[in-house]
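Structure first, then comments.
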């Protein structure tokens, strides 16, 4: 089976951009945003194989789709997020809605429903969330009762309410999570099922082009063959199995939206003259509002791409990695959008420019598919196990890899990244020895530091690679400078905040701890960061010229 | 009928900038696109294919990454794609380029109609199309807005200064195309792009087309670039601000000072 | 020299096509005689590609090439249907060619192709031509590629000029590459500057959509050929009564020599191209004029000042003005006395088409618009509010 290659992927992204430029220019999107309107016609066109056929990417080839891989789909997610995160969410809901089917559906179910989605351009919605069951699905209230006819299981009657379902009011097909006698299970429910209704479209802070609605199910009958996998109680595993993948897509949303905001700010800053020169030439502006976000977004890109390649390889799950990607990239995107408003000053605060909308939109990426606090917890849990299992050697081993990398390429800051990883290992070990993880805030903070250290380490590897991935628009000198800045600043953050965390919750000597995490050495590595940022600012101006 | 369309991958010149200090092009982050004129020539060929069942071959000369535009052409419905790629072609001016492409078209064999964009947006020369026509000894119709074929008769609507002409010629012939107003290039759908990936893309070298290496590249090009530099900048004039009424007064003063209206 | 290979089938197509009676078929084989000018018309029509022209050695002695030539482009005389007039761009080419010829100490020659056009020689001479090669033939009555290219190749081969300039117009850009390809000589497109550098023609032209300038030389081939952008070269004052040496060249072109037949010719009603290209005052609008009403405002001001209306590509793309009004890289290059840019941001593509205007006034809401970097006078404001008031004021002044 041929997979989609980089040339095809590039052409798909070009087609998507060209379609958006033509059919949904910013003025149109702004109006839909103001009106809180779902562009049903646009979505149908995007699903039309004669126009774009975006949804075919997520359907396997044997069922009439294109069998897109993780890299293909994250690149499309990123491109969609640059256009409008509401539309992106609506497309993503179909991706998400089909996931339980792809992971857990029987052969016959996949054949029937995947083909139907492909051919009939079905919008799909993923119905998991309830009022009392958000990121934590254990309190699921929606019930599926068995209906037995002639002594045989004929189907289920589903009753309950779902909340904040993307595409809730507009989908053709729903995958609904409900508690069957055998446990939580996914059911395929068609829109016209008796007893099924969607509630009003929510009035949201952002992603207002995405339809979000509650669902009411009142004794909705579904035949037994619409229980995904045809075995009860598989629902949570089926949901869990794809988290690594789906959260990576949300990471791409954060990155894409953040890049769009950042680029708008960079372009603007070259035209806006203040105090005798363009803002783009002023360090106080660029090194605060532009460069840090460019670095974090580029680090996100490197991480997302690396994990996507692993998922496209033989690896499965990667739930901790998915959580790291989602956490880091959506925070990066959200922060970039926030500062893009500041960067555009009064203009940024108006609706004439896209940045305030991006800011409202991108916030959702910090919330859905598990809030970023759930991500912190997930990351901590995953890596804490590794730390314990390896007797504290997990990050020491990773640090050794980076030292080896530094020996080959001294330009990417791998030595600093190694220092950061060693500091992290030491902080984790102190937390273990002092049992500090009984404090929830410590565990969450550890999740944050782990994410930062791992992303920075990966960024060094990416920046040192022979060839850059197709999404990178900056040149080698700039990527290396970004990698250095990221590694150095992250090492400092991990060491200093780690010390703060340990001393805040436990006991110990600040001086000893500082020495243990090599704080002075890490501080020493901060030399040259300003110069690197000067270079990054200049390269950004070169790459994103005013239109 | 066999149609050959000549296409080129170009940097999107609306995004190219020049470093005013060094006078060099800043290409960082500038996307490569299919030359819009060629895109329209391709669409013209595909429309003719629709009507007449013609077979459309698309040919491009460039570095290996230029295969992207051939893939795009295949995704849009072209039957065959050929990339002329060889170090020997590097540095070719319009003469050497016309020569190489003409050689390739000879190798393709029977070409009834050759379509080219009127020019490429990076070079802006409009010389390659007529050059190919001359090399192949074909009649040429340049600056066409529209091309129609009926049997062996070609009818074209072409621009001339101050108006347009309708002209006719017998096939084989070569036409170059201008862009219609408000041109929106067609783009392929995802499944069309995926299908194009399965199609064969032929790679031809200078030797494959029997081109004389002395007539290619810098060696074969009669023109030489002596120097490249940033366009001279005008001194920034005086900029006035104020209410609409104040600005109107200002304008009247300026028009008087510059003698466009009498005092 | 002309070589006819053994694959010749004796079909006589070349005999009919030859404008100089230089080929005859003997014993079912084409034979060429001394009248051959190497114009290439025979090779174009040979069905078996049996004719090859070898020129390489002939152009190796560069010093044998002398004189600056210009291709005199004519246009339809709209007041006198069927008649021809000399285009303004021909005056520009003559003026520019005069300067180059003087610097080289060589002759300036014009090539005038047509039928019944001898009366135009006086006008051409008045702009500085020393010599005029006049070729009159029925097949040259209206411009067509095959006839013009064939004659140019023949004349160049015969008289060996050092430089040949063509206007960068639909006609010039059609014939010049055809001739250059046949002769295997360098051709530089759409030049905006020409000078002599160490005896060679230094050709300056914008590339990459006007983002960059390039100086081009054709050091090893002669003649050095260029197409020259209209409305850029300074036009000399004509010297009435100036005389040129008229050299008549005869060619035997069949009336149907051209393989492309003209069916119909239609001129734009307004003649906008002429208006824009030759107007002294241009009031131009961009996206900032918003709608049709905005362009009516431009028209009202243009009428009051006696000028023409121009448009940016963005405005043309929005359908606010027809294409012939477009100023810029992909439209017309203009150099009026006054250019007023209203609601035009000033992308390079636009600026290259108007930056040689004498006085540029820009009106734009956005103080950071790049148009303010090229204008002499800039006004930060909404053109749709300013223009009606200005027109009103100017009209009042007129009536007073």
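First chain written, first letter: the chains are A, B and C, and each begins at residue 1.
Rule of thumb we're sticking to: a contact is a pair of C-beta atoms (placed from the backbone, for glycine too) under 8 Å apart; a residue touches a chain by one contact, two chains touch by 3 or more.
Note that the coordinates shown come from a computational prediction; the quantities given were computed from them, not determined experimentally.
A.B. asks: Looking only at C-beta pairs that count as contacts, which pair of chains has more of them, A-B or A-C?
C.D. replies: By the number of C-beta pairs in contact, the winner is A-B.
A.B. asks: Per-chain C-alpha centres versus the global one: which chain is nearest?
C.D. replies: Per-chain C-alpha centroids compared to the overall one single out B.
A.B. asks: If every chain is reduced to the average of its C-alpha atoms, which one ends up farthest from chain A?
C.D. replies: Of all chains, C has its centre farthest from that of chain A.
A.B. asks: Could you tell me the distance, in whole angstrom, between the mean C-alpha positions of chain B and chain C?
C.D. replies: Computed value for the inter-centroid distance: 19 Å.
A.B. asks: Distance-wise, how many Å sit between the C-alpha centres of chain A and chain B, to the nearest whole number?
C.D. replies: The computed centroid separation for chain A versus chain B comes out at 40 Å.
A.B. asks: Could you grab the centroid distance between chain A and chain C? Build each centroid from C-alpha atoms only and quote it in angstrom.
C.D. replies: So the centre of chain A lies 57 Å away from the centre of chain C.
A.B. asks: At least two other chains touched by the same residue of chain B: list those residues.
C.D. replies: Residues 14, 17 of chain B touch two or more partner chains.
A.B. asks: If you look at chain A, which of its residues touch at least two other chains?
C.D. replies: There are none in chain A.
A.B. asks: Could you list the positions in chain C whose residues touch two or more of the other chains?
C.D. replies: Only 367 qualify.
A.B. asks: Taking the complex as given, what residues does chain C use to touch chain B?
C.D. replies: Contacts found on chain C: 43-46, 49, 75-76, 87, 145-146, 149, 169-171, 173-174, 176-178, 180-182, 184-190, 197, 202, 206-221, 258-268, 271, 273-274, 281, 305, 316-319, 322-323, 329-330, 337-338, 347-349, 352, 355, 359-361, 363, 367, 372-382, 385-386, 389-390, 393-394, 397.
A.B. asks: Which bits of chain B are touching chain C when the two form their complex?
C.D. replies: Touch residues, chain B against chain C: 11, 13-14, 16-18, 23, 25, 93-95, 98, 121-131, 133-135, 137, 139-143, 155, 158-170, 173, 179, 181-182, 221-234, 236-245, 247-248, 250-252, 254-255, 258, 260-261.
A.B. asks: Spell out the part of chain A that touches chain C in their complex, as residue ranges.
C.D. replies: 271-273, 546
A.B. asks: Which chain A residues qualify as touching chain B in the complex?
C.D. replies: 2, 4-5, 7-8, 10-12, 14-15, 18-19, 22, 48-54, 56-57, 66, 473-475, 539, 542-545, 547
A.B. asks: Touching residues of chain B toward chain A in the complex: what are they?
C.D. replies: Those in contact with chain A are residues 14-15, 17, 26, 28-29, 67-68, 71-72, 75, 184-185, 187-191, 193-194, 196-198.
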